[in-house]
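After this come two complexes, each holding subunit A, first together with subunit B and then together with subunit C.
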Partner chain A sequence: MTGLLDNLLNGVALGSVYALIALGFVTIFKASGVLSFAHGSLLLLGGYLVAVLHDDLGFAGALALAVVVTALVAGALDRLVLQRVGTDSHAAHVQTIVTIGIDILLVTDLARRIGGDLLTLGDPWGDSVTDLGPVTVADSRIAAIVVSAVAIAGAFALFRFTPWGLSLRAAAEDAEAAALMGVRLTRVRAIAWCLAGGLAALAAVFLVAFPAPGLERTTGQIALKAFPAAILGGMASPVGALVGSMLIGLTEALVAGYQSDLHVLGEGFGDVAPYAVMVLVLLVRPTGLFAARGAARV
Partner chain B sequence: MPEAPPDDEPALHVESLDVTYGRALSALRSVSLTVPHGGVVALLGANGAGKTTLLRAVSGTLRLHRGAVTAGRVRYGDTVLDGRDPVAAVRAGVVQVPEGRRVFAGLTVDENLRAGGLGLSRRAPAQVRRARDRVFALFPRLAERTHQAAGLLSGGEQQMLAIGRALMAAPRLLLLDEPSLGLAPQMVHRIGEVIREINTQGTAVLLVEQNAGMALSLADHAYVLEVGEVGLSGPAAELARTDAVRRLYLGETADGQGAA
Partner chain C sequence: MNVTHPRPRTTRTAVAAALAAVLLAGTGCSSKADGGSTGDGADGVKSGPGVTDKAIKLGALTDLTGPYATLGKSIVQAQQMWADETNAAGGICGRKVEIVVKDHGYDVQKAVTAYADISPDVVALPQVIGSPVVAALLDDIQRDKVLTFPQAWAASLLGKDAVQVLGTTYDLDMIAAVDFLTRTKKVAEGDTIGHVYFEGDYGANALEGSQWAARKAGLKVVGQKIKATDTDLSAQVSALRKAGVKAVLISAGPAQTASLAGVAASRGLRVPVVSSAPGYAPQLMKTPAAAALEAMVHVVSAAPAVSSDLPGVKKMVASYGKKYPGSPVDSGVLSGYNAAQLMGADLKKACEDGSLAREDVVKAHRSQKNADTGLGTPQDFTDVAAPASRSTYVLKPDRKAVGGVVNVEEAHQAPGVDEYLASRG
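After this line comes the complex of A and B, so read on.
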């Protein structure tokens, strides 16, 4: 049945974009114990940069620059603001609250610039579609799946094969023991923020691509839907974030696709579904699907 | 950047060191101690005497515990270590094995060993291989378990891994915090042999222990910390004969005839 295949493909596309965001949450949490509420604003910043730069630099150039700038802004926020807010065990809680403040400041400024406009990002796939056997898929969705897969594989390679990745995983298990090995905790976590910022900028492009209308000032709020994905995956587990994202993406697409059959739940249940899934999963597995040891931070 | 060793035979000098936690709690007062190049020095004392604090002051981890050096100096050769971060100590060749082993439980044995070398940037693969070969020669058990999660090792194996991990940074001075803690007597004996072997290979050792018998049998020189101050110090063999040490740390009775 085409309807089901369509919905499943939409769900995977949506899930892979959420995965870009959720992986950022998890990376930051592993490195610093901070829940980043500033992610929506970083995502909006990335999208906004592509929107204003693509006329001059072309889409690819604008995207590359947006990813780099957003990554550097995220790293600088951590190094210059968050890391100055205490260094003891309670610091992570304070820093989490500070990210809310950063988010409000950044979103307010970007919203002022965007105003009521709907910005296009000049992406090459536009509104074209491809026929894949029985289903017709928007090229933007294929691009979302392919690019996300490559970016996520790259991030996993960083975790697994680089000294930074090893430092991150060691520090997440035992920060003091890692420090005794000569791991620079401040640098490890700033790089984690950079990675998360870059992934958020990348996610922005696909969140506002066809069939979404374009970048608006509220686009950043979509990042919050990746929060349940990260949490139900166990918060400190990159694999968990992937699985959680797919679960959330598929749920949202299926609920939206069968909206008419689910009318008892009310209009727009698709927006609420991620949170409903999160609560249901956490009721069964309170620590998330892939609770890592590093999740038990105190 | 590999730092050129400024001193061929560096010694650790702790000079009149005062350490305070949270700006109020004095943990060490005017503590002086020397670990000569290639020597083994034991640091004894009861719980809370300040042994671990002294190691933190050397390895640069006081700040993680809201502690600070308020007076005095820590030098390793020509390198000043007090007030610096742990990277400075590791690069100077001073590496600490923390109390309670603290291996990275979710990482494999191999990853734990690689983590031990993280403080030294740009090391040639040959150097890393040499360090790993040395660790596997000391601890053949680890070589058989490279892909096993460290959390699944026994307590003794974890202690071996913790020491091996520190050796991956090719230290010239190894700081050991209670390596015998919670281990079976046979394993304590084995760890003692390993410490001697590491020292024979040219690495100096500062050994913090509550197991004074083991520590004094290994050390050339020993210090006894009492509530933040050096109470006794001297050649290990001499200290082992003093009544106070025998009574307090070796579990012998006051008449010196050994435990009943």
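After this line comes the complex of A and C, so read on.
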């Protein structure tokens, strides 16, 4: 029983961090129709900034600056590189490929800077833990759940209650009509990229905080695990991304936790489990769990 | 218009083709000239590729930009230090030693190209980083008879004349780890132990050793296979705790060892952890898991701690600190320097025997029954199929020590190692 609770808590914590990343994927996709493969490198950039800045600025200052800088870099990438390709739906495919190139460039440079080091981010939770009844959980995990919940609620409020959110939803519904109604598509999507970048930087902190040992050159690859979460949620649905992330986080934690009981499926099944879940969900609901009616298949 | 256009293009193509042909022929010629020249030097010592009257060229295929960049840098600097010291003392066989370093960034394709690039011009390779790299080059190395010391320790690399795994293999380390656990009464017959291991040669070979030793000791092994990108081992720790393990072995990278110890400690799973040598790096002492690592982890290694009292090691640490101030003195420095010294001994022996041709350097190497550099245990290179050493040290992380680690047990051979090697044939 303790084992199950342990695994569930692990899963929720992982899921809430994936949700930050998946929400970024979804926001970008909604605003620009681009599947951003550069998200992993933005996440690595955010984490790297916190790692190098926390000595001088303290953790909170470093985190704030990292979130802002990563957001601006993401926005600038969209504005200065991607938008040059065009803003119609056809250009989105080209832009998706361009993000792969951007990712390679960013990751290569960051990996060169990080080298073989294991960077700590100086977060205030350290390796402290809290006993919650029968289970022990790392404070960083509790913080991950709380902060993710707040950030996600904030993002949802942005979608729902701000003019930008309205423009975003209008643009996602029908870009051309929105543009005719006076929505400035270029600005809407640049802000969407900024939001996604900021969320990625935040996710980086929790991905590398205890129980993980620190930021490595490969940390960005973890962002790819949020891909199936975004896709099985329906790619254009923030709620779907949230549910998908929880599903993926829980699947991963449970499969790894019960690895020895799942011998039939072969060892290391935890790595492929998220994708297996994604394929299964898409078999039943080809447009994802929460796709808007009539949305394109993903 | 249409008629005139093709003409200049064809001319241009022809010129380009001719140029390419000339270039190709040129490189073909030059590599032949470099690689094929054998004969006696002025001093009567037979030479071969990489050897002239004045210089002996060695090669290093290393990783300075990939996942093992820290290790690569340590080894490159340590071996360069050895070359400088050797040259200051008059060189080897009256010739200066030169090391040609090529970075492959842990990319097998790049490593294959780099090998093709430098192999015609070097006599031996005292450094090749990366199990997949060594595996890809194994046949070429064997064909070219380039004596090679890989920085990889899987038993699958044994049995090739020109390739020498230095020290023990991963399986022997884990047999020693199980022996350490039972001997110090950390586990008893009937207990269950966990083994967290990387997929691939490294983990598979380590698991072979732990399973064999556990069977002999009446223990049960619960395996947890992970990948290099898994750096949060929470789920693995949950599973191990559920299995009721009394100790955990880990054959992975430093990041995984840190996560394992940190998570286990925080979850109240305070059991001894024994790591393979590549699973520890001094950088871990700066992570939040440092306290847990010091409290729970031991490392089994064929090499002593860099903080050990061996005079050879002390001298090396002092010179390294002077030559590269600010560079961490880690196990890579020790293993790189040790490899270079052993290579030096082989070259000296080959020189005494009258030939520095590649095959004769391999022959000289295979004649060393008790190669001792004063940097650890002596090694026996005469049996191609057996590990060069069967003795291991037990080390322990320590924040204050040089290299972040101290000796706990001096080198000795774990019981059962001979039997294991005999059973494996």
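Keep in mind that, in the parts below, the second predicted complex is superposed on the first by the 290 of 298 C-alpha atoms of A that agree within 3 Å, B and C clash if a C-alpha of one lies under 4 Å from a C-alpha of the other, contacts with A are read in each partner's own complex, and residues count from 1 in each chain.
Basically, contacts are C-beta pairs under 8 Å (C-beta built on N, C-alpha and C of every residue); 3 or more make two chains touch, one makes a residue touch a chain.
Bear in mind the structure is a predicted one, so any value in this text is a computation, not a measurement.
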Subunit A as common anchor, with subunit B and subunit C clashing or fitting: fit
First, second, both or neither for A:Glu216, with subunit B first and subunit C second: second
Partner chain(s) touched by A:Gly257 [first = subunit B, second = subunit C, both, neither]: second
Touching partner for A:Pro286 - first (subunit B), second (subunit C), both, neither: neither
First (subunit B), second (subunit C), both or neither touched by A:Leu118: second
Per-residue contact with subunit A, leading partner among subunit C and subunit B: C
Which of subunit B and subunit C A:Gly133 touches, first, second, both or neither: neither
Subunit B versus subunit C as contact partner of A:Arg169, first or second or both or neither: first
Smallest separation of CA atoms, subunit C relative to subunit B, angstrom: 26
Parts of subunit C lying in touch with subunit A, wherever the complex brings them together: 65, 67-73, 199, 222-236, 238-239, 241-243, 254-256, 258-259, 262-263, 265-268, 281, 283-284, 286-289, 291-292
Residues of subunit A defined as touching subunit C within the complex: 3, 6-7, 10, 14, 111-112, 115-118, 120, 126-129, 136, 138, 207-208, 210-214, 216-219, 221-222, 252-253, 255-260, 267-268, 270-271
Contact set on subunit A toward subunit B in their complex: 87-88, 163, 166-167, 169-170, 173-184, 292-294
Partner subunit A, residues of subunit B touching it in the complex: 59, 61, 63-64, 66, 85-87, 89-91, 95-96, 98, 102-107, 111, 114-120, 151, 165-166, 169
